[in-house]
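Worksheet: the structure to be examined is printed underneath.
First chain written, first letter: the chains are A, B, C and D, and each begins at residue 1.
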Amino acid sequence: MSEIVIPYQVEPHPMTGVTSGKLGIWVFLASEVMLFGALFSSYVLLRVGTPAEYWPSGVEAGLNVPIGTVNTIVLITSSITMVMSWASLKMNNLRGFKRFMGATIGLGLAFLMIKSFEYSLKFSHGIFPAVGWPEATDPSVFNALYFTLTGLHALHVILGIAVNVWLLFWGISLFKSQPERFAGRVEISGLYWHFVDLVWIFLFPTLYLL
Amino acid sequence: MSEAHPELGFLRKYVFSTDHKMIGIQYGLTALVFLFIGFSLMMMMRWQLAYPGEAIPLVGGFLKNSWVDNGAMLPDFYNQLGAMHGTIMVFMGIVPLAVGAFGNYIVPLQIGAPDMAFPRLNMLSYQAFLIGGVIMLASFFMPGGAASSGWTSYPPLADIATTGQTYWLFGMIFLIASSLLGGINFIVTIVHLRAEGLTFFRLPFFVWSQLVTAFLLVLAFPALQAAAIFQLMDRLAGTSFFLPSGLVVGGEQIAAVGGGSPLLWQHLFWFLAHPEVYVLILPGMGIIAEVIANNTRKPLWGYRPMVYSLLFLGFMSFTVWAHHMYLTGMGTTMSTFFQATTMIISIPSVIILSCLVISLWGASIRFTVPMLFAIAFLPMFGIGGLTGLPLGLAAPDIFLHDTYYVIGHFHYVVAPGTIFAMFAGIYHWYPKVTGRSMNLRLGYAHFWLSLIFMNGIFMPMLFEGMAGVSRRMFDPTGYVHAQAAHTLTLVTSWSAWGLAVSQIPFIINFFWSMRKEERAEENPWQATTLEWATATPPPHGNFDAPPVVYSGPYEYSVPGAETDFSPQYVKQEG
Amino acid sequence: MDDPQYGWWLPPNVSVHGADIDAMIIWIHWFMLALFVGWGIFIAYCLVRFRQRPGHEAVYAPIEARFSKWLEIGVAVAETVILIAFAMPVWAKLKTEFPEPKDDPVVIRVVAEQFKWLFHYPGKDGKFGRAGSEFFSDDNPAGLDFDDEDGVDDITVRGLHIPVGRPVIVRLLSKDVIHSFKIPVMRVTQDVIPGMEIPVWFEATTTGRFQVGCAQLCGLGHYEMKAALVIETPEDFEKWLDEEHKALGLD
Amino acid sequence: MSTRPILVVACLVTLLGCSGEPAGEPDAQPEAQPGQASAEATPSPIPSVDAGEKAWDPALGTATVSGSVKFDGKPPRSRAIDMAGADEKCAELHGGERIKPETVIVNDNGSLRNVFVWVKSGIEGWSFPMPEGDALLDQKGCMYEPHVQGMRQGQTLVIKTSDPTAHNVHGYAKVNRPFNRSQPPGASDIMVKMKRDEASPPMKVKCDIHPWMNSYVAVVPHPYFFVTGADGSFKLENLPAGTYTIEAWHEKYKTIEQTVTIADGETQTLEFTFPQKS
């Protein structure tokens, strides 16, 4: 990085009251909202376009609500630990940060593990994205939607984990020189993490319960 | 900031540069090359249309065996060219040039910032764009050839198309990522890095247009992203998001679950693609505003109304997408709604355009080359906008839908519209970028020839459309009404080749002026905006001391001022 | 069978509703022309009068805002008029007021496939035979169920025959991809979306031989996706039906 | 500038295309060679002989399997093709006559035409000499000629058009490389080398422009195949003694297999009946 100094990387901008990084992540999340918004509206459009009796509810389609619930809890907990890690960083408690950040990453991985287990379960029952709901004479695209949406969400989780791992092991070196800036980065990664969490909170009922 | 900058190595300076100016230049050259490629594809198509089934001269012999038969084009290749011409021009040509190049180079300078808010992100978005572009071009040489389902890639056709379509989708995902990153960067930069005293209503109109454009990119592209993901799933994982049940292709039931909806793609696609139209035109308008203000030597007339219209335009552009879909079996209510929104959205465009026109009144017009392009832009874009009117109404659309009238319409918006704006911008800022000024004579030649041939290309298209000739036809002469309009096709084709020739003076001018000995003066156009406040070409970090802004962007011919221009960055006494 | 004159402007119109559409197109273009010429004159005038020359200086704020307001309001009003007075009624008429049985419409099932049209008439009994995608095969492009008695006399041809002065309802289906059913002289265009059946209606005013085309890119044979359109007097149409009936080996 | 080299290259290749074939198999795209329909006509040396294969000795071929294919049941209804409506040029070639699809043609003697009869198994391990010339598929009057044919693995399929209208030949090969190429009137012949055997089911060839045009090409590793004609009979000659599975394939009906054992010099008769009673 060249030595020219770009303002508002650490100190908040007087007008917006946030640093550039934070404003950036908010704008990014806005576009993410549009992305998942598009996906959810597609879900609605496809479901409305299909006769009700051909569209399975999550349970009918063999989704395991308990597992999903567990996953939801896991993810929400990870959000909490994320906040904790940031808070402890703000309180200059590096050990606490490491512990909670580690926990966040761990929970993220747990989520992925459970998800992959769920996938393998479906595969073993011969349920793939390209397979329609067997009960329907005129199959719906439920399975396709399930795999695409959850898969895309899983990708987001993986990205979040990657960022957190980087912060925990490499990014942390910034803490000594510019603690404020590092805290800012953790917060940004946190915002993203909460968004991913939020998306799941919408996905879960849409796919499993409705 | 003012301390000496250590010399960067070649790679850091040119290839992996994080300097917005270098990135802007990279974008610019890449985009110009892509534009040239897209144009060449079209010139081949024009041959097939003018002289169906005859061997393509010059290049015919070199083309791949699966593209041509004894040098004569084959329908599949024609469709590939059509699809790729659209894709390249829109996503790899104009957007990178208008946003990537001009935005990157000019915006930070005009707002007095040292660089973009996220320089490395900036570099990343250029690289994503480059990768996407290369994938797109590479797809031509894959066994199945490039994407051939039109730049709109309507399924089911795109779902069952050859592998080229998959590469198209991957390429798109890279281009989308690039635009998203770019958009975020621009928004943050413009909101956060404005120089002291540079309030929003002192922003040059160009910066405003870039801001709105950035919002459109960030909010509209995700829709296409979603659509692309679905189509990739359809093509690779065998899902059927866009495939209804019981499709029979080539006499065989195709192996797909069914239950999907072909219209879903169109909704998602046009939800992106209509804002995209404004992404194509707004930066152009911004440049035109700059050039007109500067060369009329007076403030833009109605600056605030223009800004408000811009914002309104940006917002409305999300509510009109389905006017591309009147004939997909749409009911009265829906069509009424979208006709209404379409009529409404035309108002702000009219406001902006008429403000620009009225700005000429009471001026002292300098006929510089950029100004010529700017003046030409007004009527050309006018035609583009007006011809949108019959298409925006459902009933006339019944006849004009998917005819050459549509092509004429949107090409008038982007070709003599945006492209002219781009030329104006290049001529206008060339002295800033290179420190040399471009040759006048060559400039005039370039302008007049381009103007004539542009109209030679697109005016006949409007009449062809009126005659009912459908677009995307490998050989329309099978239709009686198309035979009657064939003369028009010839005019178009020859004008297209003429346009190619008339770019030669520009290319010579572009490279030859770079080598010129004598430097242009620091502020050759006597402009008022901030980019002229710093050295030419601007150093790394742009400004030695952060500039301070005291006045609006276009303070020309201020009564009582000693010069006819009062730069933003100069404090007027009194 | 007079060969109509085609040129560089709207092709001849042979449909009842076409006149409205043509009128609209023409009027809008006059409106556009007026705006364009107005603008053009203004620009040209400015370019001459306000060109840079010795002794001429620009004025900081030459005119106040009112001027353009009228322009915009004018445009807005004009557009509203066009929209409400012309566009909506025409559209509504075509999309909602379908011919009723008492108008004795000719109903035709149109199957679009890469890259030809196929027209399916109910035949003498006026009843369509059962048909569906599961029956499609190389020797049964219309997807007829040959076991259905109603289908025995159904006529499946690749050219469109319609009588003059009788409303025609075409029910559009697609086998594979999106096509677009376009008859320029009939001022009819309608996308054909697989998985949907979209009806369109029109009524011919004169006899003649024309062409049906495809207006939506549907693959490499798109440009070849044509069919003959034969508009006949009702008598000739009946005669044609009889011939087709015989061609099926029925009396 | 950094980007220029890449771009110059990209621009060049896009302009000129690559004069050679794309990466991958050289026969990825069907060759179209102007005016040398018989490029492959010279009897090519015995193709890819596996280690296990021994050269064929004509003296062994003394046995014959012959017979006929009966049709039992009511022929399915089908409609004559109205070419006039779709493409006048096609119709003119038939003087306005409508022709029936060639899918199911029952001969006057109650036998079934266009059935592909071949030795499915029992003949492995030989490498037979290649026949002279190519397999030919002609497009006449917007119909394929022949409707069903067999050819030898390694032979070249030459597709020519004799029509004044544009065709697009689409080979839905499942084992070999599928191909898809337009053939405007007077275009040069399309040549496809069939590298692998693809006999059950045979490769389907369709014209993408005229949906009613279809044809079937079976690619067989040996010379023992036959397509039934106007009398519905077939004859597989010069077989060595042995036990064979004979398959009769028809595009519309379920494939039928029969096993037969023949000694030297003897002739066995088989009878296949479509549709197979189940």
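The rule we apply is simple: a contact is a pair of C-beta atoms (placed from the backbone, for glycine too) under 8 Å apart; a residue touches a chain by one contact, two chains touch by 3 or more.
None of the values given here were measured: they were computed from a predicted structure.
Colleague: Most contacts: which chain pair?
Modeller: Greatest number of C-beta pairs in contact occurs for B-C.
Colleague: Using the mean of all protein Cα atoms as the middle point, what chain has its own Cα mean nearest that point?
Modeller: B
Colleague: Using CA atom averages as chain centres, what separation in Å is found between chain B and chain D?
Modeller: That pair's centroid distance is 50 Å.
Colleague: Distance between chain B and chain C based on Cα centroids, please, to the nearest Å.
Modeller: Each chain reduced to its C-alpha mean, chain B and chain C end up 32 Å apart.
Colleague: Which integer distance in Å separates the CA centroid of chain A from that of chain B?
Modeller: The mean C-alpha positions of chain A and chain B differ by 34 Å.
Colleague: In chain D, which residues are in touch with two or more of the other chains?
Modeller: 166, 168, 180, 182, 208, 211, 214
Colleague: At least two other chains touched by the same residue of chain C: list those residues.
Modeller: 113-114, 137-138, 219-221, 224, 226 - these are the residues of chain C that touch more than one other chain.
Colleague: Counting only residues that touch at least two other chains, what does the list for chain A look like?
Modeller: none
Colleague: Can you work out from the touch definition every pair of chains that touches here?
Modeller: A-B, B-C, B-D, C-D
Colleague: Hey, which residues of chain B end up touching chain D in the complex?
Modeller: Chain B reaches chain D through residues 14-15, 17, 25-26, 29-30, 33-34, 36-37, 40-41, 53, 59, 62-67, 69-70, 72, 74-76, 130, 133-134, 137, 140-143, 250-252.
Colleague: Residue numbers of chain D touching chain C in their complex, please.
Modeller: Per the touch definition, chain D meets chain C at residues 76-88, 98, 101, 103-104, 166, 168, 180, 182, 208-212, 214, 251-252.
Colleague: So in the complex, the part of chain B that touches chain A is made up of which residues?
Modeller: 1, 3, 5-6, 8, 18-19, 113-115, 117-121, 180, 183-185, 187-188, 191-193, 218-223, 225-227, 229-230, 233, 237-241, 245, 256-261, 264, 267-268, 271, 540-541
Colleague: Taking the touch rule as given, give the residues of chain D at its contact with chain B in the complex, in rising order.
Modeller: Contact set of chain D toward chain B: 1-4, 6-8, 10-11, 13-19, 21-24, 28-32, 34, 166, 168, 170, 172, 180-184, 187-188, 204, 206, 208, 211, 214.
Colleague: Please give the residue numbers of chain A that touch chain B in the complex, ascending.
Modeller: 1-8, 13, 15-16, 20, 23-24, 27-28, 30-32, 34-35, 37-39, 42, 45-46, 49-50, 54, 128-132, 138-141, 144-145, 147-148, 152
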